[in-house]
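There are structures below to look over.
Two complexes are shown next, each including subunit A; its partner changes from subunit B in the first to subunit C in the second.
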Partner chain A sequence: MSVTQHCPVGPAGNVGSSVTYVFAVCGPGRPGPFAATCGHTGGGPLRLLAVGPLWAVVQDVPAVTFSETALHRRLTDAAELERCARAHHDVVTAAAAGGPTVPLPLATLYLSHERATAALGANLERFRAALGRVAGRVEWGVKVYVVESDTTARPAPSAPPETPQPGSQRVSGRAYLSRLRHRQHSRELNRESALAAAEQVDRAVREMAVGSVRHRLHGPEATGRDRTQVMNAAYLIAEERGDELATTIRRLRGSPGFDNIEIEVSGPWAPYSFTDGGELAGHQ
Partner chain B sequence: MQGISNPVPWQGPEATAPIGVPLVDLLDRVLGTGVVISGDLVIAIADVPLIRLSLHALLASVSERVPAPWADGGPL
Partner chain C sequence: MTELDTRGTPPPSTTNLAEILERVLDKGIVIAGDIKIDLLDIELLTIRLRLFISSVETAKKAGIDWWETDPALSSRAAHNALSEENQRLRERIEALAGDDAQEAHRERELRRP
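Moving on, here comes the complex of A and B:
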């Protein structure tokens, strides 16, 4: 069943030249609406496939641009990767607006609708369990950073630390070493207090969450050089508790020991991080 | 899910201006999360070194292009 009539339809209407891209699996209620999203460029309209009592949100996409080799090429291109990720996310988000939704990873592909239905149907119980877990809940991202203060941050990043700055006054070796030790020491202190702050944030948010997951930490290419990420977590929280989360974060930001700590919150997200397990133990 | 139906589904809890979904957070979620079932085409995205390299380049370009939402130390 096609759910988008307003989108430019690519050449993928021809069954022989297309593959089936699966975005998400949704609960028995009708997913969507999908009025504001068209899926991947060059693909056909978004469709709903019945998988037992559940719905899969799929799109026929051109086999030539979604073959394994083509995808490897495209997804290593920064602009293409961003386009694909955003197209995927738009559809997942639209689906989640209609009810419980389990997102699939980027680029889950089948040779035909029938093969997609069979593969999804073979996992029906996993989808049911995941849908039960995420129903009525949303994901929030919480990241914690320590801001490197002037005494601890960067000697010019390109200069090796033991080289005095060009043009600076001659300093005795002993004074220089002492300064270096001092800088090293305060950096360690900074990091320790940042980890303690991250623990505190995690504890506070877990109290209102039913699940939590740690994502990999972002490096300086994403955070900027003047701060270090010490926590990148996702929490599954009842959808009506968003305000409570905001209040908690505000309180934490004003707490003692948070002077050089930044807390960033993103969301609500479709429950990407909680569809296949996640750390649920102890959260019931 | 009233929150999710927001066309710009990202917001700071401080109701700052919507800035769209941060790409770096999006990639954390669309790569390697979700129910993984075997597809007909196996795209092991997160495990392909080339993709990692590309992510690296991508994130570098993202941080240059998009100022951090709290660049002014805003909601802290």
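Moving on, here comes the complex of A and C:
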């Protein structure tokens, strides 16, 4: 069943050898709508494949650009990787808008619809369990950063006053020592308070979540040079509690000790991080 | 994805990409496909692009160790930076103490009747 009549149809939709790309498995309700997404460039229309009572969202894609060799070349190229990842993500997001959805990892591929149906069908119970866990819930990303501003590198106001005496080598030497000591000290304080703030954020968000996972911290290309990420977490939260989350984050931002702290919230995401469990609240 | 918070400047689009990649690469239910791709290669690319701070094992396989010298990212590097700074401070103190001793000696010499 084709669900995207509006998209330009690539070679795989007409002639030539194609393979089956599986984006996600959805609950018995009809997934989508897929109005704003077309899947991978050069592929056919997005289709729904029945897997028992569930639906798989699939696309026929050209075998030549989705072979092992071609994928290795394309996915280790930054620009191509981004295109593929965003195409995959757009379809997963559209599917999740229609009902419970379990995403599959990037580039899950089968030689035919039949082979895809067989492989997915063999995992039907895993999909059912995962769909039950994520139904009515969404994933929110919460990231905490410490801002490494110039001001934090200067001595705290409580630092002993430096008494510069022009012409005196000894005093300016001591001032130099004092400055270094205070800079180091304030850097350490900054870092400690950032970790404490992150713990506070995590505790507060967990209270409304049914699951939480920590992702790897982002590097400088993703965060920007002037801040360091100290927490990158995802939470599985009931759909209707989005406003509550926003309120909690607003309250935390205004709390004491959050002066150099940035909290970023992203979502709602399809429940990528919770299809294979995730730490459940109350089970720690 | 929409950012919940609309205050301040929007984060760079790479933030978004890192968030998407960390989800589409190793999350979701993994079932064996007919065509095998090595997601480790992609992870290494994203680490090389500095989108993620890698697990040490993964990165060492690829000979990536830039964070070990970046104080903002590594407690080990921070420790090294601290040791170096300590060493510099000790040297400075010794130099200053030496100056003090010499000067005190000179002053004593001058005060002698």
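FYI, the second predicted complex is superposed on the first by the 247 of 284 C-alpha atoms of A that agree within 3 Å, B and C clash if a C-alpha of one lies under 4 Å from a C-alpha of the other, contacts with A are read in each partner's own complex, and residues count from 1 in each chain.
To be clear about the criterion, a contact is a pair of C-beta atoms (placed from the backbone, for glycine too) under 8 Å apart; a residue touches a chain by one contact, two chains touch by 3 or more.
The model shown is predicted, which means the values in this text are computed figures rather than measured ones.
Chemist: On subunit A, do subunit B and subunit C fit together or clash when superposed?
Modeler: clash
Chemist: Between subunit B (first) and subunit C (second), which does A:138 come into contact with in this model arrangement: first, second, both, or neither?
Modeler: first
Chemist: Just subunit B (first), just subunit C (second), both, or neither: which does A:106 touch?
Modeler: A:106 sits against subunit B and subunit C alike.
Chemist: Return first, second, both or neither, reflecting whether A:239 touches subunit B, subunit C, both chains, or no partner chain.
Modeler: Once the two structures are laid over each other on A, A:239 reaches subunit B alone.
Chemist: Touching A:120, do we find subunit B (first), subunit C (second), both, or neither?
Modeler: In the superposed model, A:120 contacts both subunit B and subunit C.
Chemist: Looking at A:216, would you say it contacts subunit B, subunit C, both, or neither? Reply first, second, both or neither.
Modeler: Both: A:216 reaches subunit B and subunit C.
Chemist: Quick one: is A:86 in contact with subunit B, with subunit C, with both, or with neither? Answer first, second, both or neither.
Modeler: both
Chemist: State whether A:276 touches subunit B only (first), subunit C only (second), both chains, or neither.
Modeler: Both subunit B and subunit C are touched by A:276.
Chemist: Please work out whether A:67 is in contact with subunit B alone, subunit C alone, both, or neither, and reply first, second, both or neither.
Modeler: Both partners, subunit B and subunit C.
Chemist: In the superposed arrangement, does A:96 touch subunit B (first), subunit C (second), both or neither?
Modeler: In the superposed model, A:96 contacts subunit B only, not subunit C.
Chemist: Considering only the contact definition stated at the top, list the common interface residues of subunit A for subunit B and subunit C.
Modeler: Of subunit A, residues 19, 22, 25, 66-68, 71-72, 75-76, 78, 81-82, 85-86, 88-89, 93, 102-111, 115, 119-120, 122-123, 126-127, 130, 141, 215-216, 218-219, 221-224, 232, 242, 245-246, 249, 263-269, 272-273, 275-276 contact subunit B in one complex and subunit C in the other.
Chemist: Contact residues on subunit C for subunit A in the complex?
Modeler: That would be residues 1-5, 11-12, 14-39, 41-42, 45-47, 49-55, 67, 70, 72-73, 82, 85, 88-89, 92-93, 95-96, 99-100 of subunit C.
Chemist: Over in the complex, which subunit A residues touch subunit B? Could you list them?
Modeler: Residue positions touching the partner: 19, 22, 25, 36, 66-68, 71-72, 75-78, 81-82, 85-86, 88-89, 93, 96-99, 102-111, 115, 119-120, 122-123, 126-127, 130, 138, 141, 215-216, 218-219, 221-224, 232, 234, 239, 242, 245-246, 249-250, 253, 258, 261-270, 272-273, 275-276.
Chemist: Could you list, by residue number, the parts of subunit B that touch subunit A in their complex?
Modeler: Those in contact with subunit A are residues 1-5, 7, 9-14, 21-43, 45, 48, 50-51, 53-63, 68-70, 73, 75-76.
Chemist: Over in the complex, which subunit A residues touch subunit C? Could you list them?
Modeler: The touching residues are 19, 22, 24-25, 66-68, 71-72, 75-76, 78, 81-82, 85-86, 88-89, 92-93, 102-111, 115, 119-120, 122-123, 126-127, 130, 140-141, 148, 169-170, 173-174, 176-177, 180-181, 184, 215-224, 228, 232, 242, 245-246, 249, 263-269, 272-273, 275-276.
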